[in-house]
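Have a look at this one before I ask anything.
Note that the chains take the letters A, B, C, D and E in the order they are written out, and that residue 1 is the start of every chain.
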Amino acid sequence: GSGGEQQSGSEDKKVLNVGTEATFAPFEFMDKGEVSGFDVDLLNAAAEEAGYEVDIKNTGWDAMLAGLQSDQLDIGMSGVTITDERKETYDFSSPYFESVSMIVFKEGTNITKAEDLKGKKIGVQNGTTGQIAAEAIVGKNDSSISKYEAAALTFQALQSGDVEAVVTDIAVALEYVKNNPDAGVKTVSDEQFTPEYYGIVFSKGSELKAEFDEALNTLYENGTYTEIYKKWFDEEPNLDVLKEAAVQ
Amino acid sequence: MDFRFEIVQDYMPFFLKGMAVTIGVSLAGILIGLILGLFIALGNMSSNKLIRLPFNIYINIFRGTPLLVQLLIIHFGIVPMFMSPSDPLVSLIIGLSLNSAAYIAEIFRAGIQSIDKGQMEAARSLGMTRVQAMKLVILPQAVKRVIPPLGNEFIVLLKESSLGSVLAAPELMYWGRAAAGQYIRIWEPYLTVALIYLVLTLSLTYLMNYVERRMKTDDLR
Amino acid sequence: MDFRFEIVQDYMPFFLKGMAVTIGVSLAGILIGLILGLFIALGNMSSNKLIRLPFNIYINIFRGTPLLVQLLIIHFGIVPMFMSPSDPLVSLIIGLSLNSAAYIAEIFRAGIQSIDKGQMEAARSLGMTRVQAMKLVILPQAVKRVIPPLGNEFIVLLKESSLGSVLAAPELMYWGRAAAGQYIRIWEPYLTVALIYLVLTLSLTYLMNYVERRMKTDDLR
Amino acid sequence: MISVKNLKKSFGDNEVLKDISLDVDSQEVVVVIGPSGSGKSTFIRCLNMLETINGGQVLIDGKDLTDKNTNINTIRTDVGMVFQHFNLFPHKTILDNITLAPMNVRKMKKKEAEEKAMGLLEKVGLAEKASAYPESLSGGQKQRVAIARALAMEPKIMLFDEPTSALDPEMVGEVLEVMKQLAKDGMTMIVVTHEMGFAREVGDRVIFMDNGYIIEQNEPTALFDKPQHKRTKAFLSKVL
Amino acid sequence: MISVKNLKKSFGDNEVLKDISLDVDSQEVVVVIGPSGSGKSTFIRCLNMLETINGGQVLIDGKDLTDKNTNINTIRTDVGMVFQHFNLFPHKTILDNITLAPMNVRKMKKKEAEEKAMGLLEKVGLAEKASAYPESLSGGQKQRVAIARALAMEPKIMLFDEPTSALDPEMVGEVLEVMKQLAKDGMTMIVVTHEMGFAREVGDRVIFMDNGYIIEQNEPTALFDKPQHKRTKAFLSKVL
């Protein structure tokens, strides 16, 4: 934005409390005490556009959702997928990222498609779409599934041989593989996993939804979104997909 | 196995900040626990069964369930009713205080009951009331007995405050797990954090032993 | 506030399974801890300083750092070196065993040292060797003293096994957190889980008190 | 001064005092003897209301202990008690041990209480220990302080429960000496003791208790030299 | 039988035995008296090697205790010890208390050990308590069992450390009776005690210790009635 036109006193801007689970690189992760990532940059830009300040805290996944329910938090920003079930409890912004589940596994493990997960030990983050995708294949609360409280713990479990495969979001899976070239891990995707879209989460009935939808739109139009996207993913975003999804 | 010292270096400022938080949270927990604990101990030693009951229930609940459940319920269930936005540090301090109060109440009870019955009898036989005897004769002696187990309880608290990491309270363990999460490395962050805890608890143990020795020589005035 | 009983109902089979795991893991932990603990206690009471040293270091490390750090290091660092695929239950049992062994060693030491010095002197004055006196006179008496604190340690273990949920070991707390994660509800899963823990620890406490009373009347044969 | 009528006392099912009646005059010194477990301690503890009475009546200086309206704390200031194990307050100096009750119960001024305490310490020969702590005293010295502490409340009656039996034999004499002086000064005393020499020399009357009853009572010489009951004889033959 | 030459013993800086020399003949009964803290217990504990000796020499039946090659456990089977607080093994019956050492140290057969134990219990008048546990015995009975237990190892010398001073006065007699019998049977004995009657009747010699030295020794009547040293006089005047 252009500082001249905006109110200069930042004290006048309302500060929004934001929760996140910062072991979900590249969307949000702790960089020596600072939460950073794609989500952080995008939210900061959107908030500025909408005239707010944000205070992003690494609350953890459970605390983020609980905090939104009890109106402790104004916003949850943690690569949260928009699902019908979640929409009963929360409001979501329009989609800002397209994702799909992906399987990460140790080299040498016999996995070429989603069905191969059967009979393997699978790590997921508790309460996420990765869990839902895995349970769709092997069954709900199946004993082959280990649920961890954070995304980082699933990768630690994979590295230590605790689980043979991790089901998580594609960008996170690829980032992990990229950052750990020595870990000897591979990824596989499957048609069976359906596309999903991330949204900013608000508590039910929040007035912020409309304001942030508008702000996101502006960011799409003025190139800020593309800039941020390129910074983190090194490629052009496909804005049409997001617009299409928003209509649904 | 390679040990990447730069990870330790990178995160050292956060470990030190976390250490300060750990110490602060534990201190707050033991101090509030002391006040609550004395109150609960006296209530739990009432001669009236009905007065004793709630204190007894309190002690049993907090000593009978894992601190982790207590913290989750307090942080996600109770604190949000009163505080917005809720702060995991506040929840951690509340959890540690309420939990340690139950243990401290039992420490006080044991301390008071360890004073020879003859002391109470001598005081009463001189015409003191029960309250006078408690205040002038029993409690001053019990305080000394109670210091070593209280020191122990503080060490326990220091270690248990590490559960704050589950609530994302920025104490020492939280930063250890943050470092582990960022680099997906085990040894560097966790060994460093373990070492810091060890230094803290061992220094406290030595301090306690010193205080105990001092108290013993004081006894031989 | 609404309390959705169907969540409790839905997850009850898992809670019960988790309870069984919790009990099993704690039992395994105390049994292995007992064997290791006796060994460490005897080593730590050697008259030779150099022999004592490693046992003393062991005790200090395991009592001086949080169980959570120990579990994370064991599960993600140590067990994978020996076991593939690693199992969080195995790590949890190892962690609880190694941790409780340190505490149990101190329980044994205190139990042995609580036996009146006169017993050792009487045994020695009858011509028994140190080992004979230990085996025939001191240890049989120490066993009785050691049962109440060991019961306590078991209760502690039962509660601390809840940290297994961080390693995704499918014990009681893990299922509580799984339910909380699925429904994003706090009260139903956590209160249920807390209640189950409470029932477990209180029953154990009553059992222990019963055993202690029995031992006392046995004493008055 | 003391009048006990059909006193009964049980611990649970165990009836320890079965039917005790006794009158003690002012200035009288009564010595109580009897085998271990016969109820001697329980009896004198009842007189100080350290045990609740289950039956019968006890009048001290006219006040009825079994009457609910009687103020227990004023009775106790009238009846001093000296225990076998001294029960000095270890966290207080000797002087503070003695002044604690007068200052807090009688609301005496500190200065007055201390002057009085020093006088009593003088009397038991321990003035120079005023600022010492109990740990540094021998058993005999501790017991003399305990006597001074009880006297500081100006009791009309003093009860002694085996005051010398926790002492090394060398220290017994110094404590008995203080008690003799007290008797000479006209204090009403009930003394449970195994010191037969003291009983003979100082006692006005000796009471032999067994199994919750007073079996026999008489002047010391008469009781010791011509016991009437078999049980008294058996006991004395062992002890003398 | 026992020969002590210039025995020295310290606890840290505290020299408790300064220079003790003493010869005890076979079948002799030596009584040791002295004020509290004078080193009596420490002295007889040295004879049984319950304390390590810091200087001088102790010969028991010709064997040198300060010699490193002397087997401490065989010395101890020659020297029986009876403690003030009995130290019976509470988890064993009376019979097992007595047979434990013979069976495990002397490798005696169970049957033989039990026969022998019953004989000794007979001797101390407690045969009917064989299968009882120590808790159910009175202090006097416990001490008699402790004596029987020591005798079961067939010691050549018996040491007693204030064997009656933890007892109620009624029970002192029964223990002294057993000790008298033992002396009559010709046992070599060293007895620390405050029982002057026993010393007079049974002692061949009385030793007065103070502050780590033997101040005076003599036949009982001579020592009690005509003590030579000031300190002996002072001590006896308090105790007798």
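By our rule, a contact is a pair of C-beta atoms (placed from the backbone, for glycine too) under 8 Å apart; a residue touches a chain by one contact, two chains touch by 3 or more.
Heads up on the chains, UniProt names are B, C = Amino acid ABC transporter permease; D, E = Peptide ABC transporter ATP-binding protein.
Predicted model, so just to flag it, every value in this text is computed and none were measured.
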Topological distance between chain B and chain E, in contact steps: 2
Joint neighbours of chain B and chain A, given as chain labels: C
Degree value of the rotation bringing chain D onto chain E, based on Cα positions, nearest 5: 180
Farthest chain relative to chain C (centres taken as mean CA coordinates): D
Chains most often in contact, by C-beta pairs: B-C
Chain whose average C-alpha position is farthest from chain B's own: E
Inter-centroid spacing, chain D versus chain C (mean Cα positions, whole Å): 51
Rounded Å distance between chain B and chain D, as computed from the means of their C-alpha atoms: 46
Computed distance of Cα centres, chain E from chain D, in Å: 36
Distance from the mean Cα position of chain C to that of chain A, given in whole angstrom: 40
Sequence positions of chain A contacting 2 or more other chains: 62, 66, 149, 153, 156, 159-160
Per-residue multi-chain contacts in chain B, two or more chains: 76, 166, 177, 180, 186
Residues of chain E touching at least two other chains: none
Touching chain combinations (by label order): A-B, A-C, B-C, B-D, C-E, D-E
Interface residues, chain B side, partner chain A - complex: 10-11, 13-14, 75-76, 80-81, 84-86, 88, 166-168, 175, 177-182, 184, 186
Residues of chain E defined as touching chain C within the complex: 48, 50, 73-74, 76-77, 79-81, 83, 85, 87-91, 100-101, 104-106, 133, 135-136, 146, 149-150, 153
Complex contact set, residues of chain A against chain C: 61-62, 65-66, 69, 89, 121, 123, 126-127, 131, 141, 143, 146-149, 153, 156-157, 159-164
Residue numbers on chain B that touch chain C, as the complex places them: 60-61, 63-70, 72-73, 76-77, 159-160, 162-163, 165-166, 173, 176-177, 180, 186-187, 190-191, 193-194, 197-198, 201-202, 205
Footprint of chain E on chain C - complex, ascending: 116, 118-119, 121-129, 132, 136-137, 140-141, 144, 219-221
